[in-house]
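Notes for the one structure printed next.
Chain naming follows the written order as A, B, C and D, and within any one chain the residues start at number 1.
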Amino acid sequence: MVKRIAVLTSGGDAPGMNAAIRAVVRKGIHHGFEVFGVQRGYEGVIQGDFKLMNFHSVGGIIQHGGTVLKTARSEAFKTAEGFDAALEQLKNHYIDYLVVIGGDGSMAGAIKLADAGIPTMVIPGTIDNDMPGTEYTVGFDTALNTVLEAVNKIRDTAASHERVAIVEVMGRSAGHIALMAGLACGAEAILLPEEPLDMDIICERLAKSHQRGKLYSIILVAEGVAKGYDIASQISARTDFQPHVTVLGYIQRGGNPTATDNIMASRMGAAAIDHILQDNVNQLIAWQKGQIVTLPYEEALKTKHGIDLSIYDLASILAR
Amino acid sequence: MVKRIAVLTSGGDAPGMNAAIRAVVRKGIHHGFEVFGVQRGYEGVIQGDFKLMNFHSVGGIIQHGGTVLKTARSEAFKTAEGFDAALEQLKNHYIDYLVVIGGDGSMAGAIKLADAGIPTMVIPGTIDNDMPGTEYTVGFDTALNTVLEAVNKIRDTAASHERVAIVEVMGRSAGHIALMAGLACGAEAILLPEEPLDMDIICERLAKSHQRGKLYSIILVAEGVAKGYDIASQISARTDFQPHVTVLGYIQRGGNPTATDNIMASRMGAAAIDHILQDNVNQLIAWQKGQIVTLPYEEALKTKHGIDLSIYDLASILAR
Amino acid sequence: MVKRIAVLTSGGDAPGMNAAIRAVVRKGIHHGFEVFGVQRGYEGVIQGDFKLMNFHSVGGIIQHGGTVLKTARSEAFKTAEGFDAALEQLKNHYIDYLVVIGGDGSMAGAIKLADAGIPTMVIPGTIDNDMPGTEYTVGFDTALNTVLEAVNKIRDTAASHERVAIVEVMGRSAGHIALMAGLACGAEAILLPEEPLDMDIICERLAKSHQRGKLYSIILVAEGVAKGYDIASQISARTDFQPHVTVLGYIQRGGNPTATDNIMASRMGAAAIDHILQDNVNQLIAWQKGQIVTLPYEEALKTKHGIDLSIYDLASILAR
Amino acid sequence: MVKRIAVLTSGGDAPGMNAAIRAVVRKGIHHGFEVFGVQRGYEGVIQGDFKLMNFHSVGGIIQHGGTVLKTARSEAFKTAEGFDAALEQLKNHYIDYLVVIGGDGSMAGAIKLADAGIPTMVIPGTIDNDMPGTEYTVGFDTALNTVLEAVNKIRDTAASHERVAIVEVMGRSAGHIALMAGLACGAEAILLPEEPLDMDIICERLAKSHQRGKLYSIILVAEGVAKGYDIASQISARTDFQPHVTVLGYIQRGGNPTATDNIMASRMGAAAIDHILQDNVNQLIAWQKGQIVTLPYEEALKTKHGIDLSIYDLASILAR
């Protein structure tokens, strides 16, 4: 009998999710599976919203941000009733494997289902790059480039007005976006949840680079460490600078995926099918040391993917 | 004796200002003038910061946002002492004509100088497109496209999560950016300073389009009418929608200029020189009915450039 | 009885066509018409491929290049049999008005149908901006910006290698794209079908700007005047420069539409409906002097929309 | 006595080279070196064109494509006289270390100098990603994204006209760009120098996907395997398709660097200084298994960085 795979996207959307869906669907069909798309993440599982996919279902989607399967954060799935309903729907639809594309909240759901006997696979998809076990999550590269392009625009104005510009970027608990975008754009200061915030040092540094003739500065702030507006108030209270603030918000989540995101998503989606074929299930598809590997969930959860402090130091040496 | 032209940018920077500077410098030199660049707007005039420009001075700048002459809002220039100092500097440097690139605040300065006997010309440059006397100001087209690109990214996320997205754009007193970007991106609602704000109508409309099956909506808000966050609160208080908010801020001011902005800036900069040659001075270079014309300042000030309400109506018919 | 409008896109696709379709459909429905979309231009008319559209049919399309109605150049429609078949289909489907979005070839078809008794309207849509009677055609602005962005990239390499870069752009019979993009990007030379080509002058100019210290040059060539590769051969035969060549080709036809194209397309599409309502048919919707007007076809055909030679002169003064 | 480092860019320019220069200069100065920039690659060495750099020399460059040090392919350096002149200049200027940013031709020069007693370091910089010893070369990611964006535009037109579009990309001896961009954009076929070209299979595949209802196709061709125009001729001779062709050319070499290129360039530039500090010289800075490592030149030359055929197979499974 033909085996059935269901695929869903869950949590915050991320560019490249469509490429991952496409890879799961097409590679799955290529190997003889029936592949079903679930709308709105775990919510759709609960509601039994399974749709049989074919090659065409995922045509013309790879170049678009967002997710054609839609996504949601399901409150119902966290309740016992919701979870049981989800389980029952998966069984009633004879789903053999569930592929979940999302962040750590989504992985928690996949683990719970695995524990209840549904074989699952997780493809890391979130712009924040903050999942345990993997050095890369689909969507991160597009978000970085969106921040970089925005900072390039903001730099025009900061340079023309000789001002300090503060740019608040996403990152509640982890500063990956702020750190890597900060290195990429040459930000004068980067404020991360992982590093103690010392306004004295920042203000002193602004003053020094101003003395050295630097006419404007860019400060990147991860939302998790402070509000951009608060940093601006502190700087204008302590120095002569009147920083202006931009909160990038949701533009960081959308946009056409970059090459890297589509490549990673395609390869990870395909890897999920390859490992299902080998019955290597209940695994996180992870990126480690330049390769796609799989990690059993419990092992993945043990490995925090923190920021690389040597990069933080490098950024501050280079940005004076 | 060779006549001298000074050129400055003032007020908020706008993409295309560099093309205008380049046109003033190169066309000026072409016609035998000496052209001086003034740094930091009227502040630079007061400080006597005049730099002789040549063809090379403006090479490799046309493709960049911001202004190579830098810009500032000068408080000193508004005082009697500052103004007098500016006048004296212009005379001491034998400046025959001053070309000012900027918005209405900058034009006010040019008028004051003209009244004091310095022949001036104004090239309209501000992203807001809100200057009297002209249908177009350099920088507007780039700002529109920046908003459009941002909304395209935000739409990915709004569609994937089936949410209402509120995007706050620039426009304190005039809604040109919100209106034209709203038409261009197909926003479901556009909130303008020029139109009374009726939250009932907006909420009803969101509800209706949702009933008709529209799964997400984009609302553009000009900063002059309300804060995006306030609109979001009102909508979530009155409906089931939980809008998310993006404040585009300074990214609207920067970026590589579009073709239209560079074309308009180049033509307007050249026109300033042409009219100086004909001694048609103390004029606003204006765009009217598809042509570049000049308007004496007093006439320019009489003609408010308001929004076109028929476009507002069209946007609301098309966006249902 | 409800009146029926059919809408089609024909000839080369152009960004903004989707916004025009959306405007015709939604404004048409708003005023009580039934609106039918025809696939593949006149080919679809011949085949009777009429599809009733509703508000949703044109949702989520405004941000995309190309045309959701698809387009084709129909050989059959040029034959007597094909034309008769088209007429019959329009009558059998009780089509009262046909709105054609396209270039001058498409307008020729609309005129022929009008002469045979089918009321038609034409919305100018082609990236080349070369239609008689109108100063603007939908798609032109996006194409200009695509060329500008490409030249910005090519400039990086030309400047780093201190070379002459030749960029061949679209424009068989008219040089609008080359001229306006050339002004916008600051090209050192612009070769147009409308201007006699003097390689001596071009080579002399390259030599002179090189002597003056200009380390690289950009030459824009409209495909109608010469092949970029031929110009390169001539330059390397006569000078020490070894130009490199880029043929932009079809990337000029695609891409997300700019704000201007979506605004013009939306307004022109709506105008087509407004004039149908007033029974002002068999008209070209045209852009003249900053306004949307209508022109009877015979009048439109009389007015050639040539390039503005004063802009050509300006570009060459500014680009030295 | 203060040690001196010279840095140059050589061969074809690549986006990210400026970030690498900036990192070498600023990290070098940070550790107490004097850093000299050499103009025009090895040509500048021969001419003794060494310029002392400071923190400001590399300000405001990280966001731009190309290289502020300019680049060239030096014929003189390949002669004995030229090489000796270069050596003498390096000695006369008391250069202790030379950092070369470029591709394999540039590395050959660095090896020759190392053999003659000048300690050198190589940072891999070329869009082609075809250097031995390293999995990544600075510039590759930007080039991939440029191709991806171009294909996204071309797809609009191909889809609207239901045609086959052929896109010729860079890659004389290696198909990295074609392969990875092909996977990222979902190309229907990818033609690589590394894979035997079978037009029968390609034509059959086009026919099959057309039968399955696929209305358009994108074919990516690396310039090293065939001219795009020749492939088009062969397809139109054997099938009913009339493909259109775009040759991307030099736009692939320019453009603002992506986040990845600026991050890699910054880290590799800094690593070059770190290893000089440890006297670990005559090394290629290489990317392997997700980490920056160094390889002695002879070892680097042994390791060919070929394409990953499993990715080629994946692309063809996914693109049907």
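Just so it is clear, a contact is a pair of C-beta atoms (placed from the backbone, for glycine too) under 8 Å apart; a residue touches a chain by one contact, two chains touch by 3 or more.
Only a predicted model underlies this, so the values are computations on that prediction, with no experimental measurement involved.
> By label order, what chains touch chain A and chain D together?
Joint contacts: the list comes back empty.
> So which chains are sitting against chain B and chain C at once?
none
> Using mean Cα positions as chain centres, tell me which chain lies farthest from chain B.
Greatest centre separation from chain B goes to chain D.
> Measuring from the mean C-alpha position of chain C to the mean C-alpha position of chain D, what distance in angstrom results?
Centre separation, chain C to chain D: 35 Å.
> How many Å are there between the centre of chain B and the centre of chain D, using C-alpha atoms for each centre?
Result: the chain centres lie 39 Å from each other.
> Send over the residues of chain C in touch with two or more other chains.
If we look for residues of chain C contacting two or more partner chains, we find 152, 155, 159.
> Indicate which of the five shapes (line, ring, star, complete, other) describes how the chains touch one another.
Graph shape here is a ring: one loop, exactly two partners per chain.
> By the touch definition up top, name every chain pair that qualifies.
Chains touch in the following pairs: A-B, A-D, B-C, C-D.
> With touch defined as at the start, can you tell me which chain C residues reach chain D in the complex?
Residue positions touching the partner: 9, 12-13, 15, 40, 64-67, 70-72, 146, 150, 152-162, 165, 244-251, 253-255.
> Within the complex, which stretch of chain C touches chain B?
19, 22-23, 26-27, 30, 55-56, 59-60, 62-63, 135, 141, 144-145, 147-149, 152, 155, 159, 180-181, 183-186, 212-214, 256, 258-260, 262-263, 266-267, 270, 287-291, 311, 314-315, 317-318, 320
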